[in-house]
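Below are two complexes that have chain A in common, paired first with chain B and then with chain C.
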Partner chain A sequence: MTRYVVKRLLLAVPTLLGITIVTFAVVRLAPGDPAAMQLDGTPGGDSARLHEQLRAYWRLDQPLHRQYAGWLARLVTFDFGHSFVDHRPVWDKIAEKLPWTVGLAVASLGATLALAIPIGVIMAVRAGGWFDRITGVGLYAAFSVPNYVAAGALIAAVAVIPIDWLPISGAISDDYDGLSVGGRIADVVRHALLIGICYSYPALAYQARFVRNNMLETLRQDYVRTARANGLSRCRVIFRHAFRNTWVPLITLLGLTIPSVVSGSVILEVMFNWPGIGRLFYASIAQRDYPTVMALSVVSAVLVLLSTLAADIACARADPRIHDAQ
Partner chain B sequence: MPNNTSSAVETGANRTPRRRRETQTYRTWRQFRRHRTGLFGLSIIFTLMLIAVSAPLIAGNQPIACHFDGQWHFPALVDVANKIPFLSFVLNKSKPFRFAGFDAKTAVGDDESAIWPVVRYGPLETTSDGLARPSREHWLGTDEVGRDLLARLVHGAVVSVKVGVVSMGIAAVLGVLLGGAAGYFGGWTDALISRLIEVVMCFPVFFLILSIMVWIEPDINNVMVVIGLTRWTGIARYTRAEFLRLKSQDFVAAAVVSGAGPLRIMLRHLLPNAMSPLWGTIAFGMAQAVLTEAGLSWLGFGVQWPEPSWGNLLRSAFEHRGVAPAMIAGPSVAILLTVLAYNLVGDALRDATDPKRAATP
Partner chain C sequence: MMPPDRPMLDVVDLHTRFRTGDGVVRAVDGVSFSIHRGQTLALVGESGCGKSATALSIMRLIDPPGEIADGQIRLHSVDDNPPVDLRTLSERRLREIRGRRVGMVFQDPMTALNPVLPVGGQIAESIRAHRPVDRRRAWHDTIELLDDVGIAAPDRRARQYPHEWSGGMIQRALIAMAVAGRPDLLIADEPTTALDVTTQAQILELLQRLQREFGMAILFITHDLGIVADMADDVCVMYAGRIVERADVRTLFTQPAHPYTQALLAALAGFDRSPTRAEPIPGGVPHPLHLPDGCRFHPRCVLSRRLAADGRRETAVVPRDRESVIVLRNCIRPVDGRDIGGPSLRPVAAGHDVACWEANDGAAIGIARP
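Right, the complex of A and B next:
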């Protein structure tokens, strides 16, 4: 197991390097002149100053590979440079937003799994029954509603009929600092409720259907019938024998869907005014704050890489065949 | 002896009448045809494409046909024809209709015979009543400068249809070529391309696309190319796996022996056999592309205001949610239906190409 983990971590190094190369290539080699685009009235000042800032940031007097090497060397020490807009260190700006996004993602992932697994299992066990059919149609419909469309409809609905305990903007109330610990938690949960629902319902729909289909297949296996024939209780057979085989594909699926969840954070965070990295990214792009844009695309990709790694290792733990085979 | 063989061929031909060549893709279509929800999705997509192509006939401020000044004119039909590349250089609207200041609606009175589009407003035409509620005049209401929202919705369909087809076209070509090369050549090529796929998959799509979009002019063609350039990884992975599976089979060896080059083997021999599972992936990708474009336009990096696209219609509805909440309905339903249709088709295609699923309905 340890060997597998080490090997997997080592394999991630070239990918990590690749992420930095792609980011560098995209930002550095894309056609178009940032200083020229600055002229079209975007905030941030005159193009001459931006040119100067870019020169200093990229060390444009050096050849391309030296520019990349220099940027990479600074990257390793979390030195992403200073923001062009407010001149704070970029890493500080990201570090204060990161917990909001990661926290929301983890919380919604937990909630999703807690709901998707029982729903999927019940659907599979009673396949063809009324619960299976109604939920199946409902989940399919939910899966097809894009989450920012639903978010827009929700926000419009709350704009028409305001619900005072359900805020639709921001993450904390104005009087947050004056609240007790319990009050603070309740405050954040209140704020996170709507964005959390929008964040997780497509994943919930997809995962529940996935669990159902996988369970259906497993329940048909011979060893399940054997277990039942041996007199084990229904519950025990379902969870100890059948469901365990759904874990591995489910974890793999989670690893694969994480990029789209992180990607969706941009629009949702802008819509709900959530202070996470998605909104920071959007703001940085609007203000053409290049160091922050670059840092965030590296950070978001690394986040995805880390969660894929975690998913792989979790898979290996759940299924010994994976790491024994390697 | 020669007589004998020819008669044998003839009787053989008589016994089995010439049938349509049974390609994998055709077989997939035969399976697909039986899928009711898939056909439903497909019919939505075709309707949408029809709407996109004939948008000026459904919503526009120029008549489809009218008798004006003793002559017949077909301005809206010319608008449709002008969407066909190269035809736009040849065809031009007849005289008064092509002038910028000419207002067909007031000039062509009720006494002249004319056939008008269902919605008599152009997508960019402003009127005096802004943020109007849905009414008989404006079925979906108007935006802040009094543009008819239904007209904008109809013309916005063009963007969504185009984005789905063009960006997935780019992604499919890239994915098949890269994934195919990885699967067929193996070794170092495979290692390199597989790493590249892994790296590109790590980037959350919006982050990658937006980082590119900062550097180039936000415009629909750029958006389509960028979506295509970031969406090929799924197709590449499928193609790679299929090619890996197929390349050791006898027909490939036969092709090699008869002197076919790698490109010919990949495109003529391997691809037709690997294509069927790709269709489902492409259909799902189209749904994602439509969503991504709408999202980019929502954020202001896609189709630029005032050109209509479902994404920026949604944005303007979002901004006026307090005053005119009904604005949000049109673009929401349009995006939802399109995504649903592509997903239904994708599911049906996957069922049609998956032997395991086909056996157990």
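Right, the complex of A and C next:
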């Protein structure tokens, strides 16, 4: 197992390099000049000398491959550089946004799973029954409404009929610092409610259907019949035998979902003014803040690689046949 | 202890059907038999004749769209309590029967155990489902059971997963699991079909030894008449959802009365070392949605064809229900238009029943037996 993990991590290095090269190229090939953008509106900003100085300061006057090499050399020492926009260290900017995105995503994932698993299991056990049919139609409908459409509708509704305790923008109230610990938690939860619902419901719809379909498959298996023939309780047959065998596909699905924990939902964070990574990404691209964009790509690429590796390890733990194959 | 002449299980007029998009499949269509304590009853027939559906019906493991439409499945108790009808029992009480009073072993060992749990853990789980013992005790009993069914190094083996075991070993484990509750009846649904010949013999030996030790009755389902000769006390031959012949094993092999049984025996190549060549049965099992009228076997039946060729079979007089007399045409349907279905079982000798309008006994039909 250790050998397998080491091998996977070593294989991840060229993958990461490839991702950074592509991102670097795409970002630089996009039209727009960060130096001109920064100088726009500043006194004397139309001076060609100032413009050249700024480009030289950011090393934008060097050939692309040297810029990339320099960036890579700093990356190895975990130096992501400074933002073009406010000149703060890029890592600080990411670190202050990350908890908001990760917190929202983890809470959403927990809530989704807590609902999707029982719903999917009950649907499968009573397949064809009224619960299965009604919920199935409901989930399908939910899945087909994009979450930004639902977000727009919710924001519009709350704007028309304001609800005091239900804010539609930001993550904390203005008086947040003066609140007690409980009050702070309640404040964040209130702010997170609408964006959380919009963030979660497509995943809930997808996961519940996923659990249902996998359960239908495992409930048909011979070992479930054996368990029943041996007089095991219904609960044991359903969870220990049928559901236990859906873990591998479920873990694989979650492994593919986790990267969005970091990138967040750009569109929802912008719509709800949520101070997370998604909004930072959006703003950085708009302002041609190359160091921030590159850092965010690296962070999310690393997380994608780590989460797929974690999912593979978890699958091996969940199914001894996969473990032995590795 | 119960006297051996009293039955352990009575299946009476069992009907199991499956609703499909194209119609209702009557997988089990009026099957009756009894199994006595300590005895083995073999249920024989080609694939798709309803053997497994019968076994699953007894365990009440028929799932929708299948259902047990009619009949009784009376399980007698070892003491003098009245029998219970498994067909009408609640799911809760059924769980106390499954694995405890009736155990079951399935056909394909490679898929019969949960692939993600250790073998020993699954046996221990079954033990704990029926006895109030702690984990350690159940594990200890598991090791003992595995040792008893001939698993070498059971301590180490029990911690392994099913994919690390061979088919023969898993079948032993499944048998251990099925007899863990010391059942009165063991249902073995083609337990050796998926195994190679040497392993097959070992598994059969194991079943016979466990039967001697525990005195349990066995319902043995197979398509292999060779195994029947080794294992069974009594035999029921099934065809297209019905029992067509019922006799003790000796009678069945020496005086088979139903043309289907005779054909099965003729298909058994080299049986009792006779020089006769194996004769395959012409045609195939009828489609369950399109069963032939009258006797379901007649399109493949040598006797029916020969009698028709002789011109002797245009009409025949057959006693039914003691008094009514019905005139038949060529094993198909009565001349008077009333459809009486196929032939029902009638005795041709003591303890020997056959469902054929024409058969007298094996000798009278005069089909060369191997």
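Just so it is clear, the second predicted complex is superposed on the first by the 277 of 326 C-alpha atoms of A that agree within 3 Å, B and C clash if a C-alpha of one lies under 4 Å from a C-alpha of the other, contacts with A are read in each partner's own complex, and residues count from 1 in each chain.
The working rule: a contact is a pair of C-beta atoms (placed from the backbone, for glycine too) under 8 Å apart; a residue touches a chain by one contact, two chains touch by 3 or more.
Remember, predicted model here, so these are calculated numbers, not experimental data.
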item	value
Chain A as common anchor, with chain B and chain C clashing or fitting	fit
First (chain B), second (chain C), both or neither touched by A:236	second
Which superposed partner A:321 touches (first chain B, second chain C, both, neither)	second
Which superposed partner A:228 touches (first chain B, second chain C, both, neither)	second
Contacts of A:152 with chain B and chain C, given as first, second, both or neither	first
Per-residue contact with chain A, leading partner among chain C and chain B	B
Angular separation of chain B and chain C about chain A, which is computed from CA centres of the superposed model and rounded to the nearest 10 °	80
First (chain B), second (chain C), both or neither touched by A:182	neither
Chain B versus chain C as contact partner of A:244, first or second or both or neither	second
First (chain B), second (chain C), both or neither touched by A:63	neither
CA minimum distance (chain B, chain C), superposed complexes, angstrom	10
Touching both chain B and chain C, residues of chain A	none
Chain A residues touching chain C - in the complex, by the definition given at the top	128, 221-223, 225-234, 236, 240-241, 244-245, 247, 318-321, 324
Interface residues, chain C side, partner chain A - complex	59, 61, 64, 91, 95-100, 103-104, 106, 108, 111-117, 122, 125-126, 129-130, 161, 163-164, 174, 177-178, 181
In the complex with chain B, residue positions of chain A that touch it	14-15, 18-19, 21-23, 26-27, 30-32, 34, 37, 141, 143-146, 148-149, 152-153, 155-157, 159-160, 259-260, 262-267, 270-271, 278, 281-282, 285-286, 288, 290, 293-294, 296-297, 300-302, 304-305, 308
Contacting residues of chain B [partner chain A, same complex]	195-196, 198-208, 210-217, 291, 294-295, 298-301, 314, 317-318, 321-322, 325, 328, 332, 335-336, 339-340, 343
